[in-house]
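Pasting the structures in now, so scroll down.
In the two complexes below, chain A is the common chain; its partner is chain B in one and chain C in the other.
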Partner chain A sequence: MQETKKTQQHISEIADFIARYLSYMLGAGVHTSRVVRNSKRLGTALGVDVSIHTSQKTATLSVSSADTPVHDTRVIDIPPFPISFEWNADLSALSWAALDDNLSLEAVRGKFEELVSKPKMNPFFVLLMASLANASFCRLFGGDIWAMLVTFTATMIGFFTRQHLMRRKVNHYIVFIVSAFVASLCASSALSLGIETAEIALATSVLFLVPGVPLINGIIDITDGHIQIGISRIVNAFMLIISMAIGMSITLILVKDSLL
Partner chain B sequence: MQEIFWNSIAEYNAATWYWQIAITAVAAALALVLWFRPSKRAKIAAKVFMVLLSVWTAFVYYLGFCSARDYSSALAIFWCLVAASWVYDLATDFSSFRKSGKYGILGLCMLVLPLFFPVVSIARGLEFPQIATPVLPSAVALYMLGMLMTFNSKINFFAFILILHWAVIAVSKVEIFDIPEDLLLAAACVPAAVIFLTRALKSAGQDTKPKIFRS
Partner chain C sequence: MIAVDIISDGIFAAVAAMGFGSISDPPVRAFPYIAILAAVGHAARYCLMTFLGVDIVSASLVAAVIIGTGSVWFGRRVFCPMTVLYIPALLPMVPGTYAYKTVFSLIMFFQEISSPTQGSEYLQAMIYNGAVSFSVLFTLGVGATIPVFLLRERANSMTRGSKFI
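Our next item is the complex of A and B:
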């Protein structure tokens, strides 16, 4: 009886940890099959079997002991973290380290805390880099130096608006509409200069909003058989694209109907 | 295109010169009050003035006198966005409009620069009313930049990046519309961008330190 109680407590602790692990991975934008694979690997390293069901906002996790009939189930909310390729790589490596080095639960948990508490990227640095990236896109699509400069500053204003509204926890569809409107409106000032590539500046100023990761993850999930969450991700990505289009259309209606 | 541009400036100056003198006087008075007798009322008055100045540029200058230019409505909406950034600042009481002890002299120089717009125009042989004045968009942006730089304890960063965007437009106007006066704004934006962007980079970096490592 005492032994079963101890095992139950141990399984509960493992279930709590893996639930946290997978919620961080799903929240950071990792595609589902990788999350499932890594969580199962972590379970194997800790001596338990792991079964997972995922959806867009929640995940269900069942952990059972291989030796005893003890099992534990968790239903967890997926937190909306920003996309993080760093967490994706680090947390995947952690599951391999746990298996290869036969780490204990305490050791894995300690490393996990260390990884997720690493300093996040400076948001202002991200703002500058996103603006540079959009200016580069403008050049790739044939924009001249003036169009590139306008795209750079217009993206800066749009991205800053997005960061500010997201910090204020405004609905993310509204954030996309407002950010697309502000960025494209600022870029539309290039039209008044009469430069030939002003329309390229207008079109590329909103590219920072394209939800690339959800679109790619959605396709990967569907091809890997996680059709429900794959469709959810694609629908979510399309909703964001529609929001972006609404924001840009408002600018075009106000400024240049003929581009619509 | 260049002719339409300068004709619209001439019409604007001829019709509003007395208003422009009044606006310049109020702008100077507000800067002096904030410098010598800072108070909450002065701060609110300065922000309200920024809103009115942006609205003036949008409606009187762009929609009133520049309607012959292509896409003047786009620039009018842009200046409404600048006004919105000051309204938001006013509502949230964000920027402090207080001196920080740094860059005050640089800020004062920027505040004086709009007065050099007509001087440069006259120096290159232009005559009133076809000259750049302190109440044209680039000079207004320069005044706002000067206010941000002089009273830089806590600034309206959104207004700053809108001014930075306007400086980019101003630089391209130098070549396209032959208005070298706008270089004053571009030149002032270089040190301002270095100071404000470096400061923003540092202060945003403080939040990235994980809680468990904070003392």
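Our next item is the complex of A and C:
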């Protein structure tokens, strides 16, 4: 009796940890088959079998052990973290390290806490990089140097708005509408400045908002056979793109006479 | 002059990829490889479209396969999953102007809804631009995933033995 109780507690501790690991990975925008594979690998390393069912906002996790009839199932909420490729790389590596080095549960958990508390990239650096990126994007679409400058400034203001609203936990769709509106309105100044490629500046100014990661993740999930969650991701991304379009169309309606 | 065009195309694509990538918080060690992949992929698409007259969808497919295959090689070096390298590298190829024209034509269609000739012209422009943007996006995603199916073993053990955790 004492023995069963002990394994029960042990299995439940493992399930707690894998649940946490799973929710962090799904929350940070990792595609489903990788999350499932890594969690199963982590389970193998800790000596349990893991089965997972995922959807957009929750996941179901079932942990069992081959030697005992003990079984632990739970439903996990997926927290909405910002997308992090760093977590993707590090947490994947952690699952391999757990398997290859035979780490104990305490060791893996310690390493996990260490990895997820690493500092994020400086927001001002990201702001600068995104603005530079959008300016080069403008060049790729055939904009001249003045259009690039306008796009750079417009992106900087638009992205700053986005960062600021995100920090205040405003609804995602509203954040996208407002930032797209702000960025495109700033870029529409190119029209009154008489820049030749003003339309290109206007078109590229909002592209920093394109949710590229969920879109591509959705396609990867569908090709991997996780069709339900793949479609959820794509629908989610499309909603954001539509919000972006709404924000931009407000500007377009305001300035459409000078565009024709 | 042609060489300058191709190189500058690659450089701007690299800057765009690193910048858009930085929004998604990638590990710093991945940046040089994201830049190389984006530059090679975008320059390849540029060459195909300008010199060989290939259409944008097929050219994007080729470029995406190049980026996907490259990320299998580089991923092992910096212990990053392939997606960490290839998603940012694909972003400069997102068909931004087509997407913009889709939205613009839709709005103009609403504005001109009572005029049968102009209204339908805008609707046609919307379908044309929308079809291109959707197909390019889908092709990019699928193209970069093809190498995963061919090199499954290697692609799935990219982060094994990582020195960075």
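Basically, the second predicted complex is superposed on the first by the 256 of 260 C-alpha atoms of A that agree within 3 Å, B and C clash if a C-alpha of one lies under 4 Å from a C-alpha of the other, contacts with A are read in each partner's own complex, and residues count from 1 in each chain.
What we mean here is this: a residue touches a chain if its C-beta (ideal position, glycine included) is under 8 Å from a C-beta of that chain, and two chains touch if they have at least 3 such contacts.
What you see is a predicted model, and the numbers here were worked out from it, not measured in a lab.
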| item | value |
| --- | --- |
| Combined model on chain A: chain C and chain B, fit or clash | fit |
| First (chain B), second (chain C), both or neither touched by A:A15 | neither |
| First, second, both or neither for A:F125, with chain B first and chain C second | both |
| Dominant contact partner of chain A by residue count, chain C or chain B | C |
| Partner chain(s) touched by A:L149 [first = chain B, second = chain C, both, neither] | first |
| Touched partner set for A:F85, first chain B, second chain C, both or neither | second |
| Contacts of A:K256 with chain B and chain C, given as first, second, both or neither | both |
| Nearest Cα pair across chain B and chain C, whole Å | 12 |
| Chain B/chain C common contact set on chain A | 120-121, 125, 256 |
| Residue numbers on chain A that touch chain B, as the complex places them | 113, 117-125, 128, 146, 149-150, 152-154, 156-157, 160-161, 164, 182, 185-186, 188-195, 254-256 |
| Chain A-facing residues of chain B, complex | 1, 69-75, 77-78, 81, 157-158, 161-162, 164-165, 168-169, 171-173, 176, 197, 200-201, 204-205, 207-213 |
| Contacting residues of chain A [partner chain C, same complex] | 29-31, 34, 37, 82-90, 92-94, 96-97, 100, 111, 115, 120-121, 125-126, 129-134, 136-137, 139-141, 200, 202-204, 206-208, 210, 212-213, 215-220, 223, 241, 245, 248-249, 252-253, 256, 259 |
| Complex contact set, residues of chain C against chain A | 9, 11-13, 15-27, 30, 42, 79-81, 83-84, 87-88, 90-92, 94, 96-97, 99-101, 103-104, 106-108, 111, 137-138, 140-142, 144-145, 156-162, 164-165 |
